[in-house]
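Look for subunit A in each of the two complexes below; its partner is subunit B in the first and subunit C in the second.
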Partner chain A sequence: MRKNVSLKIFAGLVFAFLLVPLLIIIVTSFGTNSTIQFPIKGFTLEWYSKVFNNESFMDSFFLSLQVAFFATLLALIIGVPAAYSLARHRVFGRNWIKSFFLSPTIVPGLVVGYSMYQFIVIKYQFPIIQGLLLGHFLICLPYVIRVVGSTIEQLDFSIEEVSWTLGSTKLQAFIKVVLPNITSGIFASFMLAFINSFNNIPVSQFLSGPGVTMLPTSLMNYIEYNYDPSVSALSVILMLGTIVLMYVIEKTLGLASIS
Partner chain B sequence: MSYVELKDIRVSYDNNTDILKDLNLSIEKGELVSLLGPSGCGKTTTLRVIAGLIAPNDGEFLVDNQNLTKVPVHKREFGMVFQSYALFPHLTIKENVAFGLKLRKEKRNIIEKKVQDILAITGLEELGDRYPKQLSGGQRQRVALARALVIEPKLLLLDEPLSNLDAKLRLAMRIEIKRIQSQLGITSVFVTHDQEECFSISDKVAVMNKGVIEQFDTPEEIYKNPKTEFVARFIGFENFFELTPTEDWKYKTVDGTIFQSTHKWEPGKRTGTIRPEDIEIAAITQQNTNNTVSGTIKVRTFLGKSYQYEVETPIGTLLANKADDVVYQVGDNVTLSIPAHKLIIV
Partner chain C sequence: MTQRRIPYLILAPGLILLILFLVLPLVSTIFPTFFNGGFTLSNYTSFFLDEYNFGIFWRTLKISLIATLICVVLGVPTAYYISQSPKKWRGLLMSITLFPLLTNSVVRSFAWITILGQDGILNNALMNIGIISKPLTLLYTEFAIIIGSVYLFLPLMVITLVGILENIDTEIMEAAETLGANRLIAFVKVILPLSVPGIIVGSILVFTGSMTAYTTPQLLGGNRNIMLATFLYQNATALGNWQGASVIALIMIVATLIVMKLFSWVAGRMDKRGEASA
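Let's look at the complex of A and B:
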């Protein structure tokens, strides 16, 4: 019994450590102070309207959304067939390819960003938007290949074989039998890749250029010169967005399917 | 020319070891043929070659005089039932069954009718709108069968379809499969490692070992007259002893006793074999009679309806079963007589 109580206290402390800073941010976003201060003196929604009226926030927010969306989409288009053939065929050097696709999640983000900078910007001089898309696509791809790949591996291969014997070509079988049974993996990998791309700082930092700023960068730039609660307000908006996303995933798939 | 012909089929995965070695098999129209053997004998590989899921390295495969060796699996029009049933989890039972018909672009009302008919034959009318995970093992098995049959396949291929069912259901389903198969008159190949299952259902049985067919015969013939030692062992012969053929079409054991067998005398075969339940045990030791051998009981095992005795004799240790009306003790001297019509030479 005593052991149980101390365990509860410990768990409570851990949760507090994790959640209190977030709570403080939420509270400060409603404060009337002109800098981020806690506790707040009065209540206002001014900072929220400031966020929505700040052009650079809005522009970079939508840019980040678009880049994350299209990069993830591209990663799905390329990653799902790749994951399929890695799982199903005796690809030469399959284990090497698998670890290669894991590498961007192991190599520090800074290194990835810098090497992309070397190639995408300096060597091949991609236009900025295309470069950003390509960079973020490369961040997203490993998530797709890993998550979708493990879903495909759990699928009974004989349902594909049986659909061949019933007269479907390999492509038809993939579309009619495999795809409908790996939607949870595809959806989960989409979410994971999307969130990772959206939050990524190093790659965005290295690949963006004049006039093109991603949200994390524009947030950092803003904090450097203005330490006002609109940053808190923006953070709260992002948290809300994530909560809504998670709620949708939980309702459609269950969070367990992602982890 | 038989309906289905496999000619000199050779399959090897890495060009070193052959999974199938020059396999030949002929199946008549409407027959149910079983491929029987231990795991790794190549029976499933044979079935997959027939289905088109494995391309043979050498050999030809013909159905109805058409060479199908190079025809891809989706154009062969064979129905296949997998061990895992392989139902499409995202489709209802009706949609599962209609899958092959939709690919053939048949009219909707025709699809509807054919699906209804086959669901009726397989006893699934009530379950059409359910999903596979809502069904029991036996019901899933029927769906897999219905889905394979509804396309009116030239061949029905069954890969250990009953091995995931419990014993009672397995018995019921094998009767069911046999009923549907003969009702529709469909030529079928059935893969199994269970000899009882295979004997009860098949018109003919191919016993396989290490990539070759050891014997291809009716179930009765295989049961009563196995041609090789492997087949004999596989179907329950447990006593094997060396015999030397004599000039007058008899055999001599290692201790000189004369054995006779009513089964065919073939040159080169010199192992006698008999099932434990076919050996007769008697207490009195008589010497020098044909087809008998004396020995001492070493081990006695209770089998339920009978006892099994392990008897040490001059020609080797023999197993003999006897009902429990007379019970012998370990150490008793007994005479085993081996009836000529039950003694097989392999």
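Let's look at the complex of A and C:
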């Protein structure tokens, strides 16, 4: 079969468009010049050590990790049983409830962050960190409902019925039969929710204060006043994280499962 | 009796958290924009009658529309190419598409700062070749926001389309060609109509995404090319105008909903037309 050459070239250019900007960042992170330069004149790892010695980067990195982790965890604790209930039980207004659970994706992130800041930080004086956690929980929940929900729908209902017939209670059946069979869905939704929370900017933009700044926000603030390769170096570190994550997903579930 | 209540008990924590921390904050923020003594729409009418504000609204729509169109034009052939590739390549091509999507959007916008800047890669390259004698102003323009938005959302369009195009039978293309259509005509008349559902879903994601994006206009647009999201942020922080920020917040939500409804309506119309002609 003859391959369509013009389609091949077109697609090749699009892939180049997607990858080249990121490759440029990788190259510039090793440059010796104090501003970003391409092509680079010399080679240094100095900018990487600058990143690791930058306190605000490191603090915000660990804060972002923690917020993403606990927000995802909360979303799983609340979302997995809810997704199960929506898939298996007769619930009044099922579709409405499901849409409601998915609704945080419809409201623009900046609006979520802004209204949450107004309401719970200004009006009810919650600490900012709790606002952040709840805001990121809202980002995570739809992924759990969607991914875990579709995993449960694909699971054969009869295996639960068998365990009921054999005398286990519904709770026991859920824990011993359903949960082990949907671990791949739970894992996939954990990864998706985690990365999206970790990368999110709009929701966190308002919810930051002294000592409470998420990594993307802190990087963005840095970019506004600096143009040195340490931004590239931090970007490369983040990209490495993305690659590790994609590798883990590919090995456990296949990347196709999350797209 | 208690058995029947169990599903609601399981759903309750999620519902309560959503009501407390999504619905209530939104209502309490937006509700006051309708009251000034009594019920009024004046905050909204004056927003749209103000030339500066309307300019920002218009720019936001314009940039989102252009970015969406570019994503369709670039995305359909690319997704078709991926869906027709041998299985072993498809995984790699999908990874190339997914990788930018899972990379932080600050990083992705920053890449374009280094390319489009006054002393950026593109300007330097063009000057070295001798095409231009002094740097072009590319960064902090609408053009930069459009490129940044396309870069941000093209992967979403491609991934959505691959899911649809994978299910199209390859023999359809062969049949069209056997019947005398050349490849381009076969693509336009066969593949394009079949990918409409994917184009619609993808366009909703790209359009609403660009329309509400904060990072890209903030980093690539500069102070002169404000969009709704950056305008909201500016109102709430630098200008201290919370009322104004809340008005923009509702405009962003409503615009998102209208775009979603409008695109789905178009999709419905096209579906019916397809049935009629079939």
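Quick note on the criterion: the second predicted complex is superposed on the first by the 256 of 259 C-alpha atoms of A that agree within 3 Å, B and C clash if a C-alpha of one lies under 4 Å from a C-alpha of the other, contacts with A are read in each partner's own complex, and residues count from 1 in each chain.
Convention: a residue touches a chain if its C-beta (ideal position, glycine included) is under 8 Å from a C-beta of that chain, and two chains touch if they have at least 3 such contacts.
Just so we're clear, the structure is a prediction, and the values are computed from it rather than from any experiment.
Of the two partner chains placed by superposition, only subunit C is touched by A:L110; subunit B is not. When both complexes are overlaid on chain A, the residue A:I24 reaches subunit C alone and has no touch with subunit B. Contact with subunit B, but none with subunit C, is seen for A:G167 once the two complexes are overlaid on the shared chain. When both complexes are overlaid on chain A, the residue A:F43 reaches neither subunit B nor subunit C.
Using the contact criterion defined above for the overlaid structures, shared-chain residue A:P202 touches subunit C, although it does not reach subunit B.
Within the superposed three-chain model, A:N181 lies in touch with subunit B and out of touch with subunit C [touch as defined at top].
Looking at the shared chain after the overlay, A:I159 reaches subunit B, while subunit C stays out of its contact range.
Comparing subunit B with subunit C, the partner in contact with more residues of subunit A is C.
In the superposed model, A:F101 makes contact with subunit C only, not with subunit B. By the touch criterion defined above, A:I78 reaches subunit C but does not reach subunit B. Contact residues on subunit B toward subunit A in their complex (touch as defined above): 51-53, 73-80, 82-84, 86-90, 99-100, 103-104, 144, 147-148, 151, 157.
Those residues of subunit A that touch subunit C in the shared complex are 4, 7-8, 10-11, 14-15, 17-19, 21-22, 24-25, 28, 35-36, 38, 78-79, 81-82, 84-86, 89-91, 97, 100-101, 103-104, 106-112, 114-116, 118-120, 123, 134-135, 137-138, 141, 170, 195, 198-199, 201-202, 205-206, 216, 219-220, 223, 227, 231-232, 235, 238-239, 242-243, 245-246, 250, 255-256, 258-259. Residue ranges of subunit A in contact with subunit B, taken from their complex: 156, 158-159, 161-169, 172, 176-177, 180-181.
Subunit C meets subunit A in the complex at residues 6-8, 10-11, 13-15, 17-18, 21-22, 24-26, 28-30, 74, 77-78, 80-82, 91, 93-100, 102-108, 110-115, 117, 119, 121, 124, 151, 154-155, 158-159, 162-163, 183, 208, 212-215, 218-219, 229, 232-233, 236, 242, 245-246, 249, 252-253, 256-257, 260.
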